[in-house]
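First chain written, first letter: the chains are A, B, C and D, and each begins at residue 1.
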Amino acid sequence: MRNEIDQWVKQNELDIKTWRQEMHKIAEVGFCEYETTYYIFRKLEGLGFTLHTGRAVMNEEARFGVPSEKELAQHEDRALKNGVPTAFLETMKNGFTGVVAVLETEKDGPHTAMRFDIDALPIEEEVSHAHIPANNGFRSRNDGMMHACGHDGHAAIGLGIATFLSTLKERLSGTYTLIFQPAEEGSRGAKAVVENGWLNGVDFFLSGHLGIRSQPVGTLVSGATNILATTKIDARFTGKTAHAGMEPHKGKNAMLAAAAAVLNLHGIAPHGEGETRLNVGRFDAGSGRNIVPGEAFLQLETRGKSSIENAYMKEEAIRRLEGAAHMYDVALEYAIVGEGLAAETDKYFLDKIPNATQSSQFINEVKDRMPLNGSEDVTYMMRHVQEQGGSACYMIFGTPLAAGHHHKQFDFDEDALLVAVSALAHLVVE
Amino acid sequence: MRNEIDQWVKQNELDIKTWRQEMHKIAEVGFCEYETTYYIFRKLEGLGFTLHTGRAVMNEEARFGVPSEKELAQHEDRALKNGVPTAFLETMKNGFTGVVAVLETEKDGPHTAMRFDIDALPIEEEVSHAHIPANNGFRSRNDGMMHACGHDGHAAIGLGIATFLSTLKERLSGTYTLIFQPAEEGSRGAKAVVENGWLNGVDFFLSGHLGIRSQPVGTLVSGATNILATTKIDARFTGKTAHAGMEPHKGKNAMLAAAAAVLNLHGIAPHGEGETRLNVGRFDAGSGRNIVPGEAFLQLETRGKSSIENAYMKEEAIRRLEGAAHMYDVALEYAIVGEGLAAETDKYFLDKIPNATQSSQFINEVKDRMPLNGSEDVTYMMRHVQEQGGSACYMIFGTPLAAGHHHKQFDFDEDALLVAVSALAHLVVE
Amino acid sequence: MRNEIDQWVKQNELDIKTWRQEMHKIAEVGFCEYETTYYIFRKLEGLGFTLHTGRAVMNEEARFGVPSEKELAQHEDRALKNGVPTAFLETMKNGFTGVVAVLETEKDGPHTAMRFDIDALPIEEEVSHAHIPANNGFRSRNDGMMHACGHDGHAAIGLGIATFLSTLKERLSGTYTLIFQPAEEGSRGAKAVVENGWLNGVDFFLSGHLGIRSQPVGTLVSGATNILATTKIDARFTGKTAHAGMEPHKGKNAMLAAAAAVLNLHGIAPHGEGETRLNVGRFDAGSGRNIVPGEAFLQLETRGKSSIENAYMKEEAIRRLEGAAHMYDVALEYAIVGEGLAAETDKYFLDKIPNATQSSQFINEVKDRMPLNGSEDVTYMMRHVQEQGGSACYMIFGTPLAAGHHHKQFDFDEDALLVAVSALAHLVVE
Amino acid sequence: MRNEIDQWVKQNELDIKTWRQEMHKIAEVGFCEYETTYYIFRKLEGLGFTLHTGRAVMNEEARFGVPSEKELAQHEDRALKNGVPTAFLETMKNGFTGVVAVLETEKDGPHTAMRFDIDALPIEEEVSHAHIPANNGFRSRNDGMMHACGHDGHAAIGLGIATFLSTLKERLSGTYTLIFQPAEEGSRGAKAVVENGWLNGVDFFLSGHLGIRSQPVGTLVSGATNILATTKIDARFTGKTAHAGMEPHKGKNAMLAAAAAVLNLHGIAPHGEGETRLNVGRFDAGSGRNIVPGEAFLQLETRGKSSIENAYMKEEAIRRLEGAAHMYDVALEYAIVGEGLAAETDKYFLDKIPNATQSSQFINEVKDRMPLNGSEDVTYMMRHVQEQGGSACYMIFGTPLAAGHHHKQFDFDEDALLVAVSALAHLVVE
């Protein structure tokens, strides 16, 4: 049967790559994946899965960092203009994107779940012809949004494996749940999926990521290590505007408070026990040039090797924000808008993966471990499965990278999609 | 005749205050005063002035800091929705707002010019009922824009004096040019008016400002001193984005460069010879929370008691920007997007004003001088007139202030409009 | 008699210049003027003044910013080595420097007081031959201390006028008090002199400064304006040291707190109503390179056109210090170690000085007013005299300057000393 | 024979602990260990070693970061006062401290070298009685210097093993070189020892450290990992002083440049591939409170998991320094005053140590590896030995710690000294 898998993958290569390119074109940021959700839904129709969308996918309260109603409405308008039917859009309104696809084989067997994240990033994609998506006509047509982390590939892998399971349905047993998850960026969506029960009773949980660092296509890492715990924070400083020429002393300068915070946040001492990270990703302050700025807004995140290091960073970060506000006598409000855990691939999978994928002609080398040094809210799912006695893994699918993740020239080798589908298919069949 | 003036002012009180409130409602930022220009044009029609609008008002190249075409287009859309006729709008397209109204008396006499600035600020106006415009229903209906510096009042004074001149036309001699100038905020519009020749051959130039600091209505300052020279600078830092967790060292952090610049810009030593000011009014950086920010944009301004102090501030400011860029290995581009000169009211007017206004019952006290401590691009006009041998003045029309200039609760006492019209009328008649 | 004055000054020119050079050589910082005090004492002996030294000069508690006992002891050691007799030194121990010299004429008449400050600055003096004191052999022989503000000249003027008064004693009436005041730098000594009663009952108070800005010798400014109010603050941040490699997260970084404070202190918005200043003059932090710094110490000062602007600066400064401490979770202690008031020369002297000095051949031009833009604790004396009904003045004695005040190449033209002595002598005789 | 070792250690326990306490009392910073060197020399006399001191120990040019002549002279004065004989002191003059002790057994055999660092830190030691050295009377009597990193213990271990070798001499073969190295702190002394040839031809190299993190006495780590590469930098900013009140704009503020540098240095992004560190350990700027600071001096260090990460940090650090200097138009001079390499314990020793020490009753547990996360210039020696084909190790001798390394309350359990001597003795005998 293993030969059949690879043959099947080869026959479906064009579809898989096309799906990726079409989704690359409709890049959408977290909780705004209206076009993407509709695209996935359409491709899954008729494959024999029960499809869940809208409020069924995520628990409303457990979502982190949902955009404002105004922003959501603008994205909904865009989706409407770009052809998402009103009725379907209505079910997703207010950021209820994503699809959960469940395949019941009607035969007893374990419950296997897989997760594919589907959101893009707020980056304006490269326009030069050196960038393949630009050159080959599938550059994002949604301004200011880009698949710069490979989630378009992840979604295409998901569609691939869904099609494969559909083909094979008669020979499978147990239950298969494919989760097309919104808002991984910022660690915002996974917890809400878990809270709606989709991981309850799952025995085997499969997930992974394309790229991370440049490796030849055909390399498979069976377990990413060092998935960092993370906290996402929004901070708003509110001071008082004043005429910058006449009465500068009457202003309470929120921008200076924020600038002082940013510099000092980046200077938090690293933790001696394990990696730590801090990034301020957005800074928006002031209204006009000759007005002492009365408002400033920051988006930041902390990370740590484990929750200990991350808790240290979070505590220090809040101290910096508070001190900066005090300096300039401005008010500070902050909110935790996302959190991610640390997690590890189970030994079960570290042993299983090399064996199961041995016969795949798409895979040249299986590596034991590679540090991710990033965060992933898939850890909520992994932990949930593990706490119930199931096994979870997080693989890395090797590919050369045109530029680093989150860079406007990010791109990967589409052949890596075939590796991923082949790997998952072999694991399922095993 | 002097008694007639005050009587005329009283009879027109309701009109003058209504004009102010109607223009307060349609607050528009510099070069985007499409509705305001149309409003002024309509009110001036039929008064006997030759009206100049569109490209006749300002020299295209001499305008500083014109918004992007995209922004202008959005404002043009708004104006269209709010009732500005397409044909009229067409003449103003791309930021050619403002009106120059010329009254030829057909009798020999001096050429008198007056300037009224008409633009608002990018501030969201106070909504609470303690704020009179909100309570009385004339709060700005244009989101994020507000008359927080009294230019609505200036424009109403201009309409008042235009009506007065019209009434009196038969008894006047010489030429009267009323300039309703766009984009005073940021010192962006005046120079372009001068370059189109409107101040050539002017003998007497009158201008002034409401408020500045709280004074009783009825107080008139005959010459503002300390109008600061100023330079407006836009700065853009361009670095490189990177994944903030995995490869922070591969990013070139433009936001940190900008934050370092802002803190150190505000720390430029004051000049020992005279006042200096620096304000960074806008800070916009980064795209997403987990992306090392690759772009940052600042809007700033320097000011100085004279061009010597301002030149010092400008030079130091550019040094801070350059050093910050070097620190973070990011590229720096900056542009000078506005400049204002220092200027002084002529002795001619310091002597003339107390006498000419003596009989006005609206004026209780004439003060010799009061420092402005702010900048005003009217100085381009004053200097131009003075260099040609004419005389120029810049008065202050006293009023209590509900809050400082450029504050969202800014408001003045509308009776001050009557004082201003009376003062100008007395000076014209004299 | 006026001719006699100038003749007398000419005859004593060599002495006056020699005194200045000898005191330049023994430059000593505030409260450590042991050699200088002894020098002045020796020169005053035998002139007929009652000389007060040691604890009689200043009230112990009212002295600001006295150096630590350890530092004082080091300076006392130095003075001993440099020839100050033990017995005389003993009376000055613990920073009780300075001399008050009182001349009773035994005839009824007004009480006239003059003040001459005698302290130097913690600056290493220029060594190059372009610097006249270095070239002519009177460079400071006390390492790290230099008369870079002209107080050596002030003290020489004081000795000059003392000698003059002594010569003229028979023809004078009333009382003359000459105060050779320690620790003007940092506004630390004057208040303590006032509190010991030396200004009680004074009718006329004369004081002044050499230089301020370059002017020709022979220029006399009868009243300095804009003497800034000031506050001197010491701040200590105490955190926790840690190994910078192994456990950086366990440190509490006092240096980072201080650096954040310094940047943000310098960024306090200027006051719109009048000049403000802030300077951090000392920063001392950390122990070793590989130790997270647990201690940091700052010396700073604020200034303002009046006590209103200075109070604003002081309040804001303390807020910045507090916020910085909070940011880094370090303790903050601060102390007010000096304060100076704003003050003005009385109209009495503004009128008197031009007349009284008219016949002086040393004086070419008397200017009415010139801004000082600096602080001076002589204001404690001026205010005290004025509050009791007396009159006070603060003159400026013009001289070209080789470099600005407080610069290591500071130097003045010694002929200005003759102008000053002549001016004071004319005022006394008048 | 193994039983004999432990017996010998027990018999010498009092001596070993006394040596440690006596050296704790005479704590001296790097290149100033005059008293300590003399103490060690005296204890080694008569044990049969050839003792090398003075310029024989270190190559003059290869020493990093030697204090100024003035500082060295002060330390030499102190040593003289504290009883180091003039003749002996003369040989060490100008920072030539340390002892190399060589034992020739006259029998063929391998060359074994051991290194013990002997310098202390510029920290004022805790005075409270909760701190054992203070309570038990061996607190540092040298002001501002303290053994806060356990090198007093290292030196005592060295004396212990020297005595042991001396006792056992008849039964040993080969050559034994014991290096009592100056100036480990700051990575300043080891390279100069290597350059004088002391590690040439060495077959086995033993070294180690007490503590690092709290562990029970009896724990031995056979190979520290993660010894960070490091660079030590001194930076001097030279601007221009000015009177802070009158002419602040004429100053070039070196302190602000340094403060900006410090904040931005601490904000260098961590390297994604491995640990990085940066610390500014000293900040010294300005002369007097009312003088715009013309000078600022920083001592800093970078570290990285390997020379790649350290090189990244060093390059970024220099960029920050340059940018800060440009911002304030001040001159920057910097010097590399110390460098340390990364290194690893050889597999030979990782295997050997557990076996060799198995029978020691002082050792309860041998751990394979533990990260040091710090820097150590012993790496110059390890690398030199390894490059010549020899084997090197760096052990950790477990002890509970009263406070972290480089903290004023740092202290360890003296029983750990016995563990270390026992471990080294077993390895030697093996």
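For the reader, a short list of remarks on this structure follows.
Keep this in mind: a contact is a pair of C-beta atoms (placed from the backbone, for glycine too) under 8 Å apart; a residue touches a chain by one contact, two chains touch by 3 or more.
The shown structure was predicted, so the numbers you read here are calculated from the model rather than taken from an experiment.
Of the chain pairs listed in A-B, C-D or A-C, the one whose interface repeats that of B-D (more than half of its contact pairs identical by residue number) is A-C. Of the two chain pairs shown, B-C and A-C, the one joined by more C-beta contacts is A-C. In whole angstrom, the spacing between the mean C-alpha positions of chain B and chain C is 46. Centre to centre, using the average C-alpha position, chain A and chain C are separated by 66 Å. Counting partner chains per residue, chain C has residues 245-248, 250, 256, 260, 263-264, 266-267, 269-270, 272, 277, 292, 373 touching two or more of them.
Those residues of chain B that touch chain C in the complex are listed here as 263-264, 266-267, 269-270, 272, 275-277, 373. For chain C in complex with chain A, the residues that touch the partner chain are 245-251, 253, 256, 260, 263-264, 267, 269-273, 292, 312, 319-320, 322-329.
Within the complex formed with chain B, the chain A residues making contact are 29, 121-123, 144, 149, 185-186, 212-213, 228, 230, 232, 240-248, 250, 255-256, 258-260, 262-263, 266, 277, 279-294, 296, 299-301, 303, 372-375, 404-408.
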